[in-house]
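One structure, pasted below without further comment.
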Amino acid sequence: MYRQSRNKRKIINDPVHGFINIPGELIFDLIEHPWFQRLRRIKQLGLTHFVYPGATHTRFQHALGAVHLMGQAIGIIRSKGMEITDEEAEAVTVAILLHDIGHGPFSHTLESGFIENINHEVLSSVIMEKLNVEFKGKLSMALDIFHNVYPKKFLRQLVSSQLDMDRLDYLKRDSFYTGVTEGVIGSDRIIKMLEVVDDELAVEAKGIYSIEKFLIARRLMYWQVYLHKSVLSAEYLLVMLLRRAMELASRGEKLFATPSLEFFLYNRFPEGIEKDHLNPAWESIIRNFTLLDDDDILVSAKVWINHSDKVLSMLCSDFVNRNLYKIQLQNYPFEEERIGELRKEVQAFYKLDMADTKYFVFSESIANNTYSTADERIKIVYRDGTIKDIAEASDILNLAVLSKEVRKYFLCYPKELAR
Amino acid sequence: MYRQSRNKRKIINDPVHGFINIPGELIFDLIEHPWFQRLRRIKQLGLTHFVYPGATHTRFQHALGAVHLMGQAIGIIRSKGMEITDEEAEAVTVAILLHDIGHGPFSHTLESGFIENINHEVLSSVIMEKLNVEFKGKLSMALDIFHNVYPKKFLRQLVSSQLDMDRLDYLKRDSFYTGVTEGVIGSDRIIKMLEVVDDELAVEAKGIYSIEKFLIARRLMYWQVYLHKSVLSAEYLLVMLLRRAMELASRGEKLFATPSLEFFLYNRFPEGIEKDHLNPAWESIIRNFTLLDDDDILVSAKVWINHSDKVLSMLCSDFVNRNLYKIQLQNYPFEEERIGELRKEVQAFYKLDMADTKYFVFSESIANNTYSTADERIKIVYRDGTIKDIAEASDILNLAVLSKEVRKYFLCYPKELAR
Amino acid sequence: MYRQSRNKRKIINDPVHGFINIPGELIFDLIEHPWFQRLRRIKQLGLTHFVYPGATHTRFQHALGAVHLMGQAIGIIRSKGMEITDEEAEAVTVAILLHDIGHGPFSHTLESGFIENINHEVLSSVIMEKLNVEFKGKLSMALDIFHNVYPKKFLRQLVSSQLDMDRLDYLKRDSFYTGVTEGVIGSDRIIKMLEVVDDELAVEAKGIYSIEKFLIARRLMYWQVYLHKSVLSAEYLLVMLLRRAMELASRGEKLFATPSLEFFLYNRFPEGIEKDHLNPAWESIIRNFTLLDDDDILVSAKVWINHSDKVLSMLCSDFVNRNLYKIQLQNYPFEEERIGELRKEVQAFYKLDMADTKYFVFSESIANNTYSTADERIKIVYRDGTIKDIAEASDILNLAVLSKEVRKYFLCYPKELAR
Amino acid sequence: MYRQSRNKRKIINDPVHGFINIPGELIFDLIEHPWFQRLRRIKQLGLTHFVYPGATHTRFQHALGAVHLMGQAIGIIRSKGMEITDEEAEAVTVAILLHDIGHGPFSHTLESGFIENINHEVLSSVIMEKLNVEFKGKLSMALDIFHNVYPKKFLRQLVSSQLDMDRLDYLKRDSFYTGVTEGVIGSDRIIKMLEVVDDELAVEAKGIYSIEKFLIARRLMYWQVYLHKSVLSAEYLLVMLLRRAMELASRGEKLFATPSLEFFLYNRFPEGIEKDHLNPAWESIIRNFTLLDDDDILVSAKVWINHSDKVLSMLCSDFVNRNLYKIQLQNYPFEEERIGELRKEVQAFYKLDMADTKYFVFSESIANNTYSTADERIKIVYRDGTIKDIAEASDILNLAVLSKEVRKYFLCYPKELAR
């Protein structure tokens, strides 16, 4: 039973943007909804606070911040003569508010594997559809924008593109909370220079330097924060302990867990369910998913320290007490031989089964491209109406590098083996 | 098994203070200890993020911030000719680092009642004593300072007094994270004006205005943040749901819980245990306590939504989904009659036993005095050596009011009854 | 010949408020006017940069900042249901833009004496009246507000009262530029809590703590910046050198000066001219005054270092090279005897005429009251409509002290005499 | 007569860096010296405040800021094991303090032409040499560093190189005061990553992203601030009016001027004087130069508005009242024909001699390269000791573009002609 609040607070203090106004009752009611409140319990940057202790901010705050920037963007675009109706303004605001609603705990970490065959975009869609039913169709236009079927294409770009309100908020917020002040971007200034040309977002030419700086700041945040070595090491430790837990679960072993976590540990979902939103399995998936957050994982790991499985116990102890593994990064894959040797050492040192050493010595790869040409591009509009891609408009940024995916390989192993 | 880290990182990014240097290996090793790492999982301001979503910072960050300020204070005091030996510097830094080590989840909320007969100062002491054993006596001087038996009294004041590094950090940090920028205090400036006179901390006379502003900012933080109506309402909702859980536990009913939480739900401790640090009961208390954090409470509340006890279920649902109760504040106690009537309404509305209405309609009181004369006072030192209490030195601040405890009474009840 | 600008830039970068929008063409044209441009050459805080080197900001910036805050205040007041027509909004904005137009160089310093019988309010009035003629009557409503004859009294309060946009800007700006971060006030928050009750500005009750902090911050700025000892010493050194210059001028001695400065050095104005705005003398007064700024004084002082009058030469050398005099402050007047002795010493040391020692050894007094009851008071409005004076509403601030003028006496003399 | 100050204040408030400590008595005495105090009267960014009103900061503040950063850099480099003796520390600090001592008013503007045959580096040298005599040889090592003859080359690099304390302060300070927050650089972080390798400054490899951002921020500041169109237009208006004044002076016409300005208007200096520091002409040059600042130029322009020469009068009126000329920028020179036509129009419109139209219609060029390979390069040092140029180490920045000078041509003419 969800009881409706009567006293609708309209202004929220935000350390990043100052005062945030909640624009209208629908947005207010969505924020109050338990499914949105869940985002209070999901950290925006997962385990990054292991390295940057300040980074404990949540997806809840981020979503509110993105709503705030959306309000600014709507105002600027309207002031330049492009029409956005009040309905459209509400819809695009709902879309940005709910863009992360389908994220689970430690989302980037758990993306691959934990919930088989279902990704967070699909979860977002299904949850938004269910909310639309509950809110009697008031979210239909927002869903159209979200699914990119609404005629005004630029509205979708405000929600998801190279310069969407999502990025403009999270880059600023993440640099604020990590204390990596160099990552701060001029969201306000970029938004002030947004225009709509031929139904697409573009940036006024005098904004080129701001965009260059935005791209460089983003790149800096990637290498200094998002893909920080110790953060990666922590995240993969979590991946490993969950893989082990799922392995034990699949063998039928009993594991302490909250009911929601238990549901996902012990259930697998059929291929194709992503496209079949009417599948009855969704009922229990959503019910459990909307109660699942960072805390379920964290308390279980604490309890599993005392599990009889030595592998699980060791991984959990290292994770909970932040005993991170040594990590090496390089631009090419690590040799199988090196990995094999380390596994042998681990096997000897901890007296493990050889098969279980893969949880302690592992190599994977990560990729990042600062400015993907696959995504929609950042367009610069000149006074005479000419439009150019930023990669072409900027003479200083290296187009080839900017657009190229940077892939790095890493190798982790316990510090005890480090020499 | 706690394995020693080899790669000792020395600088930590902090959004509040910038770069924080970890001063020395002992401090580093204490920070790495699982018992200190636990503070990462305890929010500094408990449920305040229900009102100020940015306030998700932890006791871990706060302790590091206080260490940073301690380093500044030591430098300033030494530069003014007062000796602090290297050992004393390390000891007072250890003392400030560990000053909150005994805090449990939602500490202020749970202080009364949850762990019977044991308060957080005692827990801090016992934990520090155990750490001292583990670290082979290296914490002895810190313990002496902490227990105020070390000869140089001013060292204790740096850890605990009206102007200790604890307050100077938390006021600044809390205002930073809540976004209540008006609460920001000039820690740097206050520290620059610290002096030691007759073995006591004092502030140079030209710092009077800064101290006035510090007191006013602190008062503002009290009423705007620490004792914010909605924060109080949330905290007491949590108190109520835990009281109910303990009541059910005492009746022998089964409740989902992590092992650590279970330990405290189902055990009571003898009177006098606080003074008896050698009591064997401490062994299991500390083992469980050092694994207990905010998450244990939060996940249990989520699970208890589906508990068969209607009272517990309702309280947990309201708590998890942030359906806060209406709260009224006044300067005198609420009439029993009014409370009785509201309880009757609740009873009728929710079809409860009359005895259980006390969980939904309740009145308690809170108190705050900005500048307690019971505590050590803030001393102002003039050029000619004269020393005055700030309440005497400042002509603008109202001595009587400053020193007087402000007590407020509040009454909570479900919004459904609000008119 | 003043040629009209065609390209009307609309947004100005401001380090304090971010982007400032110029609201409309009339405001733009007034800013472009040479008489307003003059404010670029008048430092907001006169000689304060002798102590706080960062404080080089000008009255020009301050006036733009106040316009920015006025826009916020208008928006907030309208949003609470109080009508402000577009004409009124423009008029009150013009009034705040021009509120300092009559300030001369080092205004507070030169207020008494330099331009006999004319104060800056009168100059502002006369200049605004002349602008009104030039702008064909478009400033009439602004003048009515300025002169407090416009029916809606609260508009005048936005321009001049305890919480006017003038103070809200200058306190924030002065603390920003001096680097006295403790003086920062929450202008945004205070403006958000403004209301109009019975045609008067009032602050919502929940804003009490912000107002308390505003008053304390203001007091801090007074004693730490505006009345800083060394700033006083510098300002009175300037007063002394100008007095000497005027004395020489009145004796008919030739002094290097720009034509505008020469005009004021060698002319005196009749009593009563303040009330006689049609007096033909105003023509030349305004023509010269609108070309006079800080630079005229500063370059003259540099040249006068080589003047044959030893007194003027010494004063100018000390001023230009920032060789400030020793200053003592106390709460009661200095004894004539002490002053006399110091003068004798100065006379002997520098071999001066006794009559001239008054330029090197002098005592005056300054006063400040943080919250004058003579001014309009700050009103707090409660939810039930009750209105209280802040001094009554706040229990912590000492009414008697707040409202009482604090007068301090100071004594200056060359450092060479200091013991 | 310069009288020595006795009360040596040691801490200065700076809005950019917080508290600045004056390190030692020699630095203190140099700051107190009239020749250094003159920098209070020279704006760091000349006429930039015409566009960014906040940019009124002075070379005085900047020099103190650079001293502050030098202190940090010395500390970091020492902490990494490289010896810097106390004498060297003082010398390199003196060198950075005085690096701008030879700058005249509006230095970049006046560089070419105003003081014939003498540039500001030479003036700095001569002034420092004279100070060295006055301070009895205490500046000798600083001079050696300044002239790059001191053995430890990296000390010179701290004063003048791609990453010297000069740039690290001015970029941060200029972006702070203009309000162009995007130009803010992480001085603190860059300094933390400085190392000395083979007697040269280098940056740790993990600092690559910070350096990339530094270069991008610098580029942004160039195009957005230093070479802003309206700033250029204002600066060249000033160049024109001074050229006209000098032309009139060379014809023997009388011009209002302070004695110092008069000296430079009516005197020309022999070729070769730059290398002949013992030339007796230096005596009067330095005496007058050290009394010359922005104000001398500004007040003269005000007075010259009423000069009988129509060209000078018009230029001064436009300058003082900020009636800036229209400016066009392009990548190639403007056609003589176009310039000729505009001059004809000006001639007709203002009824000028054809020869005088060059003051109102003119075209020049400006150049900037973000990272000159002619200058010393930024070196990146890897863990294994390898050293790379940043242009090589960074894959994203375009080497060719970075190192290439960007030359732009501009054309100015009165707005009246604009179409």
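List of remarks:
For clarity, chains are labelled A, B, C and D in written order, and residue numbers in each chain start from 1.
Everything below uses one rule, namely that a residue touches a chain if its C-beta (ideal position, glycine included) is under 8 Å from a C-beta of that chain, and two chains touch if they have at least 3 such contacts.
Keep in mind it's a predicted model, so treat the numbers as computed, not measured.
The chains in contact with chain B as well as with chain C are A, D. Counted by C-beta pairs in contact, the busier of A-C and A-B is A-B.
Taking each chain's centre as the average of its CA atoms, chain A and chain D sit 46 Å apart. Once the centre of each chain is set as its mean CA position, chain A and chain B turn out to be 32 Å apart. Chain centres here are Cα averages; for chain A and chain C they lie 52 Å apart.
Contact with two or more other chains is made by residues 18 of chain C. Note for the complex: chain D touches chain A at residues 181-182, 184-186, 189, 209-210, 212-213, 216-217, 219-220, 223-224, 370, 395-398, 401-402. Touching chain B in their complex are the following residues of chain D: 11, 18-19, 188, 192.
Interface residues of chain B facing chain A in the complex, by the touch rule stated above, are 1-3, 5-7, 12-16, 18, 32, 34, 37, 40-41, 43, 49-50, 52-54, 56-58, 60-61, 64, 176-180, 256, 258-260, 291, 294-296, 298-299, 302-303, 306, 317-318, 320-323, 326, 414-416, 418.
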